[in-house]
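Heads up, there are several structures right after this.
Two complexes, one shared chain (subunit A), two partners (subunit B, subunit C).
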Partner chain A sequence: MERKVREMEELLEILEDLHPEVDFTTCDRLIDDKILDSFDIVSVIAEINERFDVAITAEKITPENFNSAKALYALIQKLEDGE
Partner chain B sequence: MQNNVLDYLNDIVRVKPDKTAFADPRRVMTFAQVYGQSRAIATFLHRKGIEKQPVVVFMGKSPEEITAFFGVIAAGNFYVPIDEEMPSVRIDLILENVKAGMLICDASTEQAARQLRFQGEIVLYEDACGGDVDEEALQKIYDRAIDTDPVYIVFTSGSTGVPKGVAACHRSVIDYIEQLSEVMGFDENTVFGNQTPLYFDACLKELYPTLKFGATTWLIPRELFTLPVKLVEFLNEHKINTICWVVSALTMVSAFETFRTVTPQYLRNIAFGSEVFPLKQFRKWREALPQAKFTNLYGPTEGTGMCCYYRVERELQDGEPIPIGRPFKNTEILLLNEKDERAAAGEEGEICIRGTSLTLGYYNDFERTRQAFVQNPLNTAYPEMIYRTGDIGRLNEQGELVFVSRKDYQIKHMGHRIELGEIEANVNLLEPVKIAGCAYDEGKGRIMLYYVGEISEKELAEALKDRLPRYMMPNRITRLEKMPFTANGKIDRAALRSGVSQEWKGR
Partner chain C sequence: MLFTSYGFIGFAAILFLLYYLVPKKCQWPLLLAASYLFYFFAGPEYLLYIMTTTVSVWLTGRAIQARGEKTAAYVKECGKTLTREEKKAWKEKGKRRQRRLLVLCLLLNLGILAVVKYAAFAIANANALLGAVGLERRLDVPDFVLPLGISFYTFQALGYLIDVYRGTVPAEKNLFRLGLFVSFFPQLIQGPISRFGDLGKSLYEEHPFHARTVALGLERILWGYFKKLVIADRILTAVNAIIREPEIHSGAWVLVGMLFYALELYADFTGGIDITIGIGQALGITVKENFIRPYFSKSIKEYWRRWHISMGTWFTDYIFYPISVSKPMLKLSKWSRAHLGETVGKRIPVYLSSFAVWAATGIWHGASWNFIVWGLGNWVVIMVSQELGPLYGFLRGRFPKAEGRLWFRAFQVIRTVLLMSCLRMFDCYRNVPLTFRMFGTMFTEFNWSILWDGSLLGLGLTAVDYGVLVLGLALLFAVSMVQRRGSVRERIAAYPYPVRAILWYGLFLIVLLAGAYGNGYDASQFIYNQF
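On to the complex of A and B.
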């Protein structure tokens, strides 16, 4: 449980670094409302790859997985478990 | 001799009236529709007495917006595209510069348009294109037109914080379209997938060749550039065979192994430019599409569009940049060293452009025009303008032009040309900020902003959103206790670039 909290905080940190003005704990329309652009997606995935050691490939880059920090963390967990 | 960009449209509408010219997922427009609606808009403008003037087009990216451009030209005017992606402060600066009498909007932008500091008349596209066509009046306007009259003004980043409006004329656009089409091998079967916004010159590559050949352009929705699999599916669904994208859009697709899931089925002609294509990503594209032609394009807005090309055919060495190559026909590149002489073989020099492709200069700004558009120093016999790009280049062993660096603090970020000075000027305008400095992290492609002042990083980001377009927004904002300066009192950008040490951050 502790690990989850820590990892979620780390993910929020990555996202807030890109957009300090967005509240990522509540926003669930990051793709739909075009808050994240292609540069952000590339940056986020690169950071996730570095810090969580999981590779997110194209078929996982969907609005469902990227619309909120929560969904994105769920994806990271799924990829971590799969390895 | 062709002296009007609309000759392309006037000719093709007789040959292929019912073919799709411009389309997006909501709307498909044939050449006959584009022609008819643009002529109605032109008649509307003519009856308002608007000729030889800038006309602002503020619409959602759509086939109708492109049609509005052509309507503005058919009435003997030049279009000034602005967009919802631009922050309102920037739009007001543009409106102040061009002083237009008319603005064309659509339902999606009307509300925003009415909130701008705009003195002229605002008209909806559907109202402007709803009337009849005065053929006789439009013919007279056409007969009066001269190929050095402007076609459009697009705005590019200015280091003082005020954007510069580059005005291009019929002659330079025609020259560009003819040479580009020859180099790229466009024809009537070309199906373009447009990525670039309509408010820069980059979209000329699709707009005018579509008219010239009776080709088709699909405007790709912006959100697909965050969803690589859907993006490739879109290309396949519409049988898109030709793309001229910025490097970051191509990288978005190749970097995440998209080609393992889905491959472009029809894509054969791929152009890229505006920034360096990482060889690793380029090779993934080439591997996925071994039959396709890949062309690197180079050119500043002041040279109308692109002016150099390089067809990637030989195998490039690791670490070797993809060359800029050679100029289009009818354009010369002068490499001038610090003494304003031709650079010797292998020597570095400033890339300067000579030829018909030169634009008219910066609109309502003779001072900045004179700084960049200058007499050719190699010609002392008669007036001849060249444009000094500020890019440093050299010829490699194969005689190909290679980009080396910039003379100043202009960067290329996500395909956009940005003056770091413009970002700093906008940050410095905020009341609580004492001083701001920017640096660009090339490796990670990040704009880094450092500032001193009584405002939090979060508040600063919020305030900047109203002033800067999205692509100019710093990717990292750091508050400092004091700013590092060089010995002669300038902001120490090298120190900023190398990451500022704790000493400066304080606390």
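On to the complex of A and C.
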């Protein structure tokens, strides 16, 4: 549980570095509202790869996975679990 | 068969009648037959190319799906006896085989495209290189005729195949249904590049006759003809006069040519797409929008999200993301962070991948250096604006009230249009050194009096033509403004019948009377046909 909280905080940090003006704890339309563009997505994936050691492949880049920090963290967990 | 030819109008009218007369289950086979007939008229020899693409993509899609199902069935069946690592290894093995099939099919189809579209360009450059190093040997430059719409249908078919590989869409079982997706005639020659998941939904459904939908589709077609015939083909005369005589038309003429071309290209390409989407709608088929008022964009990045959307998303989804998040790229990013610092390391994936995308976008538009330089010019501008982000942020903080002001928005929009128009000069002159030279004359020759001394009347357009253009563009602008609050055609549909009838016949008469036909005009190809 503690690990999850820590990882989520780390993910929020990555996202806030890119867009300090956005509240990533509540926003769930990051792609639909074009808050994250393709450059942001690639930067986020590189950061995730660096810090979480999971590789998000191109087919996983969907609005469902990137619309909110929560969804993105769920994807990271899935990949960490080897699914 | 041009969209603007009588032949095409007759063809579409007959198809439309038959489409609603035949039993509903025969509608999509009829469309397939019509699409192949349309392609046959373009050149019977081209049929072999489109059929090769269709069959190869269909077979590979089926094989990829079968391989995936086989792996999943095995893992499920032996689920209890396999360890987690063994299951993972099996899945990876299956994925590798799927990838091999995908790569083979991509190579075949991109190989065909490369040979017919780029071989002559590559060999001409190789000959130039041989000459430059002092060798006399020259290779024969092949003279392939480019099959109609090959760039569009190849990308559309390969997009489908990659989606099957990714598991986004199921492989189509029926070869003929996939054949229709690849060859659907309204979008065959200038797009949009549809996705199977989008177009496939309505392409094969049964479509009963709905007067309202058909009327909306016909309105859209009429609006497309208005843009093409009244605006684009009229300005074309002036654009040609300027760019074909660069020695005479320099200085301020270049600016006039640039802006005229921006208007011509917009009216031409969006007009063509209006006709495509309108035909689809009249047949009950939903073709996705390809433009969202791009000239209202406040930055180049935004512009590319609103102009030729289907091409932009294709390149993003199938080239930009796969390269930028690939293992080698992530390794490179890690290495550069460690050796070159965070600032540089972070930028590596985005810079390199977008470079590849813009080089590909350039060469996709045509096998010549002007298109490659145009694509890379876009890349430079986007990267510079990306790097200027912190400066913009600082200025926004310093002048917080400017952001919402009309004058500031107008400044951003005009800046974007001018930047895009400057880059398009490579498309206009089709010669890189000449483009740079002509661009330079805007700052060295001060012949601005041509804007008011009547010289503009020497471009093949009369005062009446300019009057028609001004009124036409004003109508286009007004419609775009109204569109920001929702569909104009939906609004019109809510009016009483006499008002609607006046609007329809009015627009029809405008197209008929003010369209650029007859002596001095040539019902020209759509610009994007040649890509």
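Everything below uses one rule, namely that the second predicted complex is superposed on the first by the 82 of 83 C-alpha atoms of A that agree within 3 Å, B and C clash if a C-alpha of one lies under 4 Å from a C-alpha of the other, contacts with A are read in each partner's own complex, and residues count from 1 in each chain.
By our rule, a contact is a pair of C-beta atoms (placed from the backbone, for glycine too) under 8 Å apart; a residue touches a chain by one contact, two chains touch by 3 or more.
Just so it is clear, the model here is predicted, and its values are computed rather than measured.
When the two structures are aligned on the shared chain, A:Glu50 is found in touch with subunit C, with no touch to subunit B. By the document's definition of touching, both partners, subunit B and subunit C, reach A:Ala58. Between subunit B and subunit C, B touches the greater number of residues of subunit A. Using the contact criterion defined above for the overlaid structures, shared-chain residue A:Leu18 touches subunit B, although it does not reach subunit C.
Residue contacts after overlaying the shared chain place A:Thr26 against neither subunit B nor subunit C. Using the contact criterion defined above for the overlaid structures, shared-chain residue A:Leu36 touches subunit B, although it does not reach subunit C.
Within subunit A, the residues touching subunit B in one complex and subunit C in the other are 34, 37-39, 41-43, 45, 56-59, 61. Per the touch definition, subunit C reaches subunit A in the complex via residues 84, 88, 166-168, 301, 305, 316-317, 320-322, 324-325, 327, 330, 333-334, 337, 346, 349-350, 353-354, 386.
Here subunit B touches subunit A in the complex through residues 222-223, 225-229, 248-249, 251-253, 255-258, 260-261, 414, 444-446, 457-458, 461-462, 465, 470, 475-477, going by the rule given at the top. For subunit A in complex with subunit B, the residues that touch the partner chain are 17-21, 31, 34, 36-43, 45, 56-59, 61-63, 66.
Partner subunit C is touched in their complex by these residues of subunit A: 34, 37-39, 41-43, 45-46, 49-50, 55-59, 61, 82.
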